[in-house]
Every structure is written in C-alpha cells, then in structure tokens.
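What follows is a pair of complexes built around chain A, which joins chain B in one and chain C in the other.
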Partner chain A sequence: MKFLAMCSTGLGSSFMVRMNIETIVRELGLADVAVEHSDISSAGPGSADVFFVAKDLQDAAQGLGDVVVLNSIIDMDELRDAVKSAAARHGLL
Partner chain B sequence: MNSVLQKLLDIFREPSVIVGLIALLGLLLQRKSVSDTIKGTTKAFVGFLVLAAGAGVVSGSLTPFGEMFQHAFGVQGVVPNNEAIVGKVLTDYGSQAALIFFFGMVVNVLLARFTRFKFIYMSGHVALYLAAMIAVILIANGFSSWQAVLWGALAQGLVTTLSPALVQPWMRRATNNDTVALGHTGNVGIATSGLVGKLVGDPTKSTEDLKIPKGLGFLRDTTVVIAVSMGVIYLLVTLVAGPGYVEDKLSDGQWYLLWAVMQAGTFSAGVFIILAGVRVVLAEIIPAFKGISEKLVPNARPALDVPIVFTFAPNAVLIGFLSSFVGGLVGMGVLVAVGGTIIIPGIVAHFMTGAASGVIGNATGGRRGAVLGALTNGLLITFLPLLVLPFLGDVGLQNSTFSDADFGVSGLLLGGAVQAGHAAVIGLIVCALAAVLIGSAVTTRRAAGKAEEAPAAAEEGRAAS
Partner chain C sequence: MLSDLLTEERILFSPSELTWREAVAGVARPLLAAGDITPDYVRAMLDSIAAGGTYIDLGHGIALAHARPENGAVRTAMSMLRLPAPAPLLDDPLHAVDLYFCFAAVDAEAHMSAMASLARILSDAGTRQALRDAASAPEVIKLITQFEETR
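So, the complex of A and B:
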C-alpha cells in the first residue's frame, strides 16, 4: 500500500505532509504502508494507492484515483482523520 | 602521509560524496537500520549527480539564449530561476554549499534553542539554494573554502532563523494560528506585502468575497508553466534575433521557431531533472533535521514552504500571482528604458512568492493589500536580483540568477560587505549574531518582568516576532 503526498514542485509542502502522514501511520501502527512525496506532474494513476493534495490542487489531481483533498495542510487533526479513513477504505484498519 | 591528505581533499572536493556523508550522518543519528542507511546514503549521493546532470541540460539551453538575447537587444537578459542557477552553482561550488547548508542547519537549531527566535527552517530546498548563493558570494570574492564554510554557515543560520520571524506577525493574521511559520526565500517580499497591506488597505474587504473564475489550475504544474512561459520568451527573442542569425549561428540550420520551442522544452526538462535530484537529496537529510530539532527545541515553530498559506485565501493566490507578475513586467519596462541588464520575469518566482504575498497582503489589507503588496513583491524580485548580480562573479554571467527577495537582501548585505573587505563580512556576521543574542536576552528579561505583573503576557516567543 502506498500513500503519496503531492504539491506543485514536490519539494516543500508535500514533503511536510509526507512526514506528518508517516508520523500518523506509526501512531496507528499500520503495517506495509509506504509514504512518498512528489510533484503533481510526475504522478499518474499507478503511482500510489492513495493521493494527498491540498484543496488548491484538487482540480489538478483529478483522475488519479483515490484522491484525498486536505482543507489545510498544517492541520494534524484533519490529516489524522483523512489517513484513518483512507486506511479503513483500503482494509488496513 | 601527503598522499592520504590528497585523497581526503579529493573526497571533500566532490560535492556528491559530501551530500552522501551528510545523509549518512542523519540516518545514523535517526538509528535507521543498516539497509535503510545504505539505501539512503546511496540515494543522496546519486541524487546529487542527478541534479548535476540537470544543470548541464539547463546550461545547454541557457547559453544560446544568452547569446541570442545579446545579439537581439545588445544587453544581457537574465531569467531568474532558482533551480536553473543553483544547478550550475552546485556543480562549481557544491562541496562548500553542502557544508554551509549542513552547518547552517546546526546554527539554526542552536539559535532557536538559545534565543527567542524559535523558528526551525524546514524548507530544505530553498535553504540549499541560499547556501549555494552564500558560497558563491564568499568564494568568488576571495574567501578560502574553509573560511567560506565557517562564516557562510553562520550567515545561513542567521538568515534562516530571522527570515520566518519577519513574516510571523502577518502569518498569525493570515492563518489565525501561531504554531507554524513561513520558511521561504521570498519572505522579505512577503513581509513587505504585509506591511504595504497594513498601510494602504482595509482587511475587511477580503479577496475571498470576490467571485473569481477558476481554471488556472495548470499554473500549479511547474513543468508545464516553465515550458510554456519560456516558450513565449524564447519565441519572442528568436523572432527579434531573426532566422538568419539563429539558423546560422545557433540552431545548426534547424528552422528557427522550432529551435526556440525545443530550447524552451529543454530548459523545462533540465529544471525537472534538477528538482528530482533536489527531492532525492533532501528526502534523506530533512527527516533527520526534523527529528533532531524537535528533540532539542520542543516548543519551536517549524517554518514551512509557501503553499501552506495558499488554502487560506485561494482568490488571493491568483490575485497575488498576477499582481506580482505585473510588477515584474513594469520593472522590466523600467530596465529596458534605462538600458543595461534586463531581468525577465521568472514565472515560478512570481507564482510562489507573489501568491504568498497576495495571501499575506489580503490578511493585513484586503483586496488593495493583496494587489499592492504583491505588486511591491514583483518590483522587489526584479530589482534586487539585478543589484546582487555583480557580487556573483562568473555565476552572474549565466543568464539566470537567484530569484527571491531574501536572496536579494542577504546577497546585497554579504556582497556589499565582501567588497569592503573580508573583515567587513566577519564584522557584519558577528554583529548580527551579537544583536540576535543580546536582543533576545533583553526581551526575555523584559517579558519575564512583565510576566510577574501579568502572567498572560508571558507567552514564550511572542516578543520574538
């Protein structure tokens, strides 16, 4: 199972979201979840199982598959809920 | 003995190896498994080589662009783009830049730990670019490598600690939150936008009450944006230069307009490769930095990349980008009128820093704040790079340069000092360090005094920003 955080350059904010997702994945004790980050133009539907983007990139991320849209990328509570429900959707919880 | 020393020196002259060693140290400190450590070290080492390969691709398209621009207009044309210039710089000054970047992080953590400026600069990519600029300015002006690393790391630590503090008062307003900070090399321009908004605007008339059509989502795709914007620039310059010159001297007979499109695409491809390299290098280094800083400075605010503010005011993002870009065009018009080197608006810089300026300007001054604040940012990132060019030595002749406002201000300070003599640089850095330490100690004592009278006023770090 792979989670992918994305932003426009794949350098700063997606990396931060990735590290936060990794923290949450550890908290929840999810096994076999790889978390990565990238720029949105390199990502395709096969790049990951779940994609995380900020609200402002929602349109650009259409068509990738299971896309999670974050209202605020600095809100850990929102991210925790999003990771939990993504994990539940994919039968990890 | 001598030959051992020679081999060691060879190792330290190879930036990819230094980057690998820094990653190795980070992975060991995180107590990663042996396989993760080997994997991470190797990836950082290879990632740097990817970056260097991208630099070659970018230069391949920038060099003919410079010749053509010179032929067409008789002056130098410069496109500010961080990735483009940093690729070139890191192939020449990579070892020193990597060490400044690394020790700069150490200085940042120490300053955050022991002063009231509790900001940890998490935007590794722009920190790496800043380190590259500092390395160039110091070494091109006669500092030895080791002096450059020592004083450069102190300068780097100071800038990365103080720059988020500049924007924090406005960040609190924009995000209604005081737990994160903005870490980007555009911070001087963004803070200026906040100030402009406060002076001229009305925060109750928010950009977010406007109805703005969407559909500019493609602006968020860096590869597309760079290819398209550079395509327009290359085509315009090629048309002025004319088919005779281009097909004769540059394109080796290829149809000149197709050649222009190919060069623009090649430029974007080079940036794409550089970004991939930077991403791989930082992926192995930043998590260690985050973990260590969280342990040593538990109550710090992480300073994060500009997109963290984009979701707070999506309309202001668009308005800010357009206003900043207009500022860049106006600035270019002024440069054309006065003659001399021309700074062509770099679209990525105007998007990233302009959009953030729009959000911050909107928070302090509503619509008018967003427009005028971002416009000011656009003017700043046109004129500041021009002023820094003379301090960059040969790198100033590369037809690209560092784009954001922090590069401009710190480059001007360092460059100005270095022209006055090495002692001036050392004096500047020591004075700045002393000012931060003493200023922090004084405000801490004052805050502690106030705290006895009114405990609520004592909130740690408020006075810092």
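So, the complex of A and C:
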C-alpha cells in the first residue's frame, strides 16, 4: 500500500505532508504502508494507492484515483482523520 | 535547526495592515538586506503567487513564501512577519494569512531539512497557537528553542 503526498514542486509542502503522514501511520500502527512525496506532474494513476494534495491542487489531481484533499497541510487532526479513512477504505483498519 | 535560521533580526512585526504583495516583500526584506537572497528571488515569489500559487498557504493563517533555489537563493535562510490583520493571498478571503514566513534554500537537501523543521513546529497545535500569539521576536525565539529542546 502506498500513500503519496504531492505538491507542485515536489520539494515543499508535499514533504511536510509526507512527514506528518508518516507520524500518523506510526501512531496508528499501520503495517505495510509506504509513504512518499513527489511533484504532481510526475504522478500517474499507478503511482500510489492514495494521493494526498492541498486544496489548490484539487483540480489537477482529478483522475489519479483515490485523492484526498487537505484544507491545511499543517493540521494533524484533519490529516489523522484523512489517513484513518483512507486506511479503512483500503482494508487496513 | 530552525533556531539557527530564525534570528532576532529576521523576525518582524508589522504595526500596519499590508497587502499580500507588501507582506511578501516585507517578510523577504531581512533576507535581502543580509544578502541571503537576490531581488530576483522576491520577484519569483511574487510571480509564483500571482500565477495562482496559493499553495504557499499552509492553513491556520500561516503562509510560507518561497521560490526555487535557482531563483536567487544565496544562502539557506528564513524570516517571519506577523501582521495585525490578514493580508489574504491574491485578495482571496479563503487564503487569509496574517503570519508570513519566507524561506530560501541553496539546494534540495537544505530545502527539505529546513522545511522539515518548520513542518514539525507548525504541525504541533500548541506551539503553533503560541507562535500566533507571540508579540515579540524574543518570545518567538524562546518558543522555537523550547520546542527544539523537547524533541
């Protein structure tokens, strides 16, 4: 199972989100979840099982598959709920 | 570490309300003055926001203005500007920002390391609120130092 955080450059906010997802994945004790980050232009539908983007990239991420749109990339409560839901959707919780 | 980058002269409080362009130019000023960035870097940040780059909005009223290393970053550096009222990005109330950070990194590795420090501190709800409530540069420095000491 792969979670992919994306932003426009693949350097900044996607890395922040990736770190926070990794923290939450550890908290929840989710096994077999790889977390990565990249720029959105190099991601395709096969790049991951769940894609995380900030709301400015909501439109650009359409068509990738299971896309989670975050209002804030530094809100751990929002992200924790999003990761839990994603894990549940994919039978990990 | 963040405390090495965000030094007292790089932490500003604006007494007056600003537009988002003034806020971005304002938060970049200490870095420009120190030679950490070139004027091109400021232009690149303004251009990327004007082109729809509200991705610098982190949420909770906080934005991280930055451009790419090759746009005129001389040294890895960071600054902060607190406003008395929001200066919404692109004048869009959905992006109401009253705490601007500016950030320059010389390469991808430095970029990600500083970004990681900032993400850790801003994702901690208690410290984030304390940073928003801080009223002086020494107060901000103390918060960052305390946060780093407990990690």
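We adopt the following convention: the second predicted complex is superposed on the first by the 93 of 93 C-alpha atoms of A that agree within 3 Å, B and C clash if a C-alpha of one lies under 4 Å from a C-alpha of the other, contacts with A are read in each partner's own complex, and residues count from 1 in each chain.
By definition in this document, a residue touches a chain if its C-beta (ideal position, glycine included) is under 8 Å from a C-beta of that chain, and two chains touch if they have at least 3 such contacts.
These numbers were taken from a predicted model, which means no experiment stands behind them.
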Open item on the list: By the touch definition at the top of the document, which applies to A:N20: first (chain B), second (chain C), both, or neither?
Closed with: second
TODO: Check the residue A:D59 against both partner chains and state whether it touches chain B (first), chain C (second), both, or neither.
DONE: first
Open item on the list: Looking at A:V67, would you say it contacts chain B, chain C, both, or neither? Reply first, second, both or neither.
Closed with: neither
- [ ] State whether A:S38 touches chain B only (first), chain C only (second), both chains, or neither.
- [x] first
Task: chain B versus chain C, judged by how many residues of chain A each one touches - done: B
Task: Doubly contacted residues of chain A, that is, touched by chain B and again by chain C - done: 7-9, 11-13, 15-16, 19, 54, 56-57, 71-74
TODO: Please name which positions on chain A make contact with chain B in the complex.
DONE: 7-13, 15-16, 19, 37-42, 54-57, 59-60, 70-74
Task: chain C to chain A touching residues, read off their complex - done: 52-55, 57-60, 62, 64, 66, 68, 108, 111-112, 115-116, 118-120, 122-125, 128
Open item on the list: For a test of understanding, state which residues of chain A touch chain C in their complex under the given definition.
Closed with: 7-9, 11-13, 15-16, 19-20, 54, 56-57, 71-77
Task: In the complex, chain B residues that touch chain A - done: 122-126, 175, 177, 179-180, 183-184, 214, 217-218, 220-224, 275-276, 278-279, 282-283, 286-287, 290, 302, 304-308, 310-312, 314, 317
